[in-house]
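Each of the two complexes below includes chain A, the first together with chain B, the second together with chain C.
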Partner chain A sequence: MNQILFGVIATMGVLSALGTVLARNLVHAGLFLVAFFFLIACQFVMLEAEFLAAVQVLVYIGAVAIILMFGIMLTRNIQGDDTTTVSRAGFIAGGLAAVGLLTVLIFGITHEEGRSGRPAWNSVTTRPAIYPASARKSESQAAAINNMGLAVGEDLLTRYIVAFEAAGILLTAALVGAIALAIQEGPVSDDPSDRVKSKQNAESLAADEAESLLTSSRA
Partner chain B sequence: MNDIPLTWFLIFAAACFVIGLMGVLVRRNAIAVLMAIEIMLNAANINLVAFWRYGTPVEGDSPISGVMFAIFVITVAAAEVAVGIGLILLCYRRWHAADVDRFDSLSG
Partner chain C sequence: MNVACDWAFPLVWAQQSELDSIPWLKWIIVLAVVFFGIFPGIVAYTVWGERKVAARFQDRIGPNRVGPLGLLQPIADAIKLITKEDLVPRSADRWVHLIAPVLILVSAFLVLPVIPFGVGLAAVNPPSGLIYLIAVSSLSALGIFLAGWSSRNKYSLLGAMRAVAQLVSYEVPQVLSIVPIILWAGSLSMVTIFDKQVLYGWFLFSPPGMLAFVTLTIANIAEVNRTPFDLPEAESEIIAGYHTEYSGMRFGLFFLAEYLSVFAVSCLGTAIFLGGGTLPWPLTGEPVVTLGGGETLFAMLLLNLPLIGIFMAKVSLYIFLMFWIRATLPRLRVDQLMAFAWKFMVPLCIINIFISAVWYECVIRPSKPNYLLGWGVTLPLVVVSIIGVLALYRSSMKAEPVELTTGSRRRSVVRSVS
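The block that comes next holds the complex of A and B.
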């Protein structure tokens, strides 16, 4: 039962990842990406990390995918969507690199031998139990899995407090930096050297932009 | 109970990672490249959580170390997307294109 469920989720996950990568229309790619994020959340549930699945849905589908959609909408290519992939030769080269790496990874995963005195982890098929009655050695882990929100909160404020604060600083700096990058000062300009040429240049640029908007909306 | 072998999760993660890598190499649009990077990060997260769940917990270590690692990866990925979109919008305004091979001012 579990295995069939895993098979279904994994197949759909790989297919939606392929759709993200190969879809010519960027909006379709974004929607495939949402499906992929959701299927990854399903995999987290299969791994009994439900809290992480919730975080995945909230952060990735709720925030990251929406930001990416904004980016797509704001930078619609004026020439159309046909230019979003590289040439045939580049496609074959990329595909070859990907298939080669996949071969290496799968060979490494299936032929692992394990460190001395320990069993190889590729033969592992059972997990530590999460029912406290049957779990003696991993009791704290079982308790943490069964009440993960509490465990994550406690860990964030004790064991990982430095990383937590660093992540807070990183997020603040990243968001301020993103706003500072994207903020627009004065009239739209093509190039920093153009800014001295001021007015009629800006007017012609605005006309150009209006024209390109018109053609893109017609196309 | 028929539990799922650890190898299955690893192979699924490897497949997703490889697809993401192909996306980074093949796509030309900067936002598509960003999406492919997100796929790769998610594949890495699957690996972290799978090893955490199947491994035996170490005495004195955090009982949910893999989950915490994945949460920090998600945090950094969110910050990365915000900055990435900001950069792409900036480049779009300057070159009127979001294609990575048009941003070639530094190539001699």
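The block that comes next holds the complex of A and C.
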């Protein structure tokens, strides 16, 4: 049963991934990507990681996909339906690069060897940690499954604290950078078509920009 | 009181296992009766209730022609919607146009299985139910966006743009005002949150709890696009927003989804702040404690009928509050909407998480809860933080008169286009 389900979900996942790459309409490609994210969440459920499945839906479909759609609409023409064309040469080169990457990955993962006599990375269960392993609560796999939110939270704030904080700083920097780019300093222009707003919140700026872009392109 | 509750829980769980022994029957009942019968029925009569309430607020009578008190009006409306022609505009993106309302409706339905309507009456109880609930309710933003985009109509697209900006912004305070509950309950499971409230009293009854409840209510109203946050479908500006090009039952699906989300967010607020189906403070454990005994189907029904009754009464009150606000307040401007979310709600919710941690240390963590200390410490903190954030918000709005001009100019631009 599980094997069949996995097969079905994996097949649909590969098909929607192909759809993402091959769809000519950008919003359709985005929709296929959403389907792919959802099927990844299904795989998490198959692995009894329903917390991760919910987080996957929340982060990738609820946030990333929406931002992606916004991005498509703000950067290209507003309906996002100018079909992009790829030249045959580009198609062949891209295909070759993809096949090459796949070969390298498969070969690398299956033939991986440990450094200086140690066992291979994918055959050991312990991972390097800042926080000493002995100080952690020993928790069984079943407990982690039954309260995965707790398990993930504890690991994020103990074992993976450095990576977690680094990611947080990176995202904050990105946010500040985005706001700094979006703000236009200086006095308000007299030209009524010029939409200059100083010191406005980045999010409201994005929304306003979308609206004024739309109205000006339609007017 | 709290000690008296402890014995009740093993018995309550025993009843749950009796029904679990026939899972297929339970699932058929849940799906066929509740999801295809009761919830759409609730939606139909919520619409009737809204029309009646709105009419009373405007000194009218409301629907009164079809059946006694107009009670058959929703059925007549549904028949009308089903028999209408289902149009897809020629230039629309056909498949996306067809998928979008389904996506919104699915999102509204998926919220409901984790709500604990009574003891053992949550259709599923995932250990991270609250995250699941937030995740599936965020799907509706995508559906709204696709509906507006696929219609090839500038009003639809405008509505979709506004909707997505609003939903993404107000999702942040919505989630942040749920965080104190997770902290206090120590769990993401909706059933555990209900059980904790039977033990400790409603989570509403603490200063940070009240603040979080108010912010959650505001964010909920914004999330379901109701007045004063109905910019995405503002009739006087952009026709009907993202569902301008929809007709017949496909428009009916939007309608169903909107009122179903109203019901769902009311259930969320009731379940996590108002103690689900329990009575208020002096009788918090009731009726779970008194009726908790017995392991038969009859005892289970006896326990759950009052629970569901009280739950539904609270949900009705919450929905009535939304009707009331809709009948009272005018619509916000786009810039006011965004500034309110990001400059007022988000800072207040973040401060409130810290205050709720203080409450946790005073009341929930100690073996002997010290309510007096908790109220004495957190109430001034809550008041000071509300006043402080409000003052900051006011001064930031006053420092930017340019926002006022852009807002009014934007509206005039929209008007000139239309």
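In the analysis below, the second predicted complex is superposed on the first by the 129 of 219 C-alpha atoms of A that agree within 3 Å, B and C clash if a C-alpha of one lies under 4 Å from a C-alpha of the other, contacts with A are read in each partner's own complex, and residues count from 1 in each chain.
In the analysis below, contacts are C-beta pairs under 8 Å (C-beta built on N, C-alpha and C of every residue); 3 or more make two chains touch, one makes a residue touch a chain.
Bear in mind the structure is a predicted one, so any value in this text is a computation, not a measurement.
Q: Looking at the overlay, what does A:Gly62 touch: chain B (first), chain C (second), both, or neither?
A: Second partner only, chain C.
Q: Contacts for A:Val14 in the overlay, against chain B (first) and chain C (second): which applies, first, second, both or neither?
A: first
Q: Looking at A:Met73, would you say it contacts chain B, chain C, both, or neither? Reply first, second, both or neither.
A: A:Met73 contacts chain C only, not chain B.
Q: Looking at chain A, does chain B or chain C touch a larger number of its residues?
A: B
Q: Looking at the overlay, what does A:Ile161 touch: chain B (first), chain C (second), both, or neither?
A: neither
Q: Just to be sure I read the superposition right, which of the two partners does A:Gly90 touch: chain B = first, chain C = second, or both, or neither?
A: Touch status of A:Gly90: first partner only.
Q: Pick one for A:Val34: touches chain B only (first), chain C only (second), both, or neither.
A: Only chain C is touched by A:Val34; chain B is not.
Q: Using the touch definition from the top, say if A:Gly149 reaches chain B (first), chain C (second), both or neither.
A: second
Q: Which partner chains sit in contact with A:Phe51 here, chain B, chain C, both or neither? Use first/second/both/neither.
A: A:Phe51: touches chain B and chain C.
Q: Show which residues of chain A both chain B and chain C reach, each in its own complex.
A: Dual-contact residues (chain A): 51, 55, 63, 70, 78, 148, 188, 212.
Q: Which residues, counting only chain A, touch chain C once they are in their complex?
A: 25, 27-28, 31, 34, 50-51, 54-55, 57-58, 61-63, 65-66, 69-70, 73, 78-81, 146-149, 188, 192, 195, 197-201, 203-204, 206-208, 210-212, 214-216, 218-219
Q: Quick one: which bits of chain B touch chain A in the complex? Just the residue numbers, please.
A: Checking each residue of chain B against chain A gives 1-12, 14-23, 25-32, 34-36, 38-39, 42, 45-46, 49-51, 53-57, 62-64, 66-68, 70-72, 74-83, 85-90, 92-94, 96-99, 101.
Q: Given the complex with chain A, which residues does chain C contribute to the contact?
A: Checking each residue of chain C against chain A gives 93, 96, 126-128, 131-132, 134-136, 138-139, 141-142, 145-146, 149, 152, 154, 157-158, 161-162, 164-166, 168-169, 171, 187-188, 334-335, 338-339, 341-343, 400, 402-403, 405-406, 409-410, 413-414, 416-417.
Q: Taking the complex as given, what residues does chain A use to touch chain B?
A: 1-3, 6, 10, 13-14, 17-18, 20-21, 26, 29-30, 33, 36-37, 40, 43-44, 46-49, 51-52, 55-56, 59-60, 63-64, 67-68, 70-72, 74-75, 77-78, 83-86, 90-91, 93-95, 97-99, 101-102, 105-106, 109-110, 121-122, 124-128, 137-138, 140-141, 143-145, 148, 151-152, 155-156, 159-160, 163, 167, 170-171, 174-175, 177-182, 184, 188, 190-191, 212
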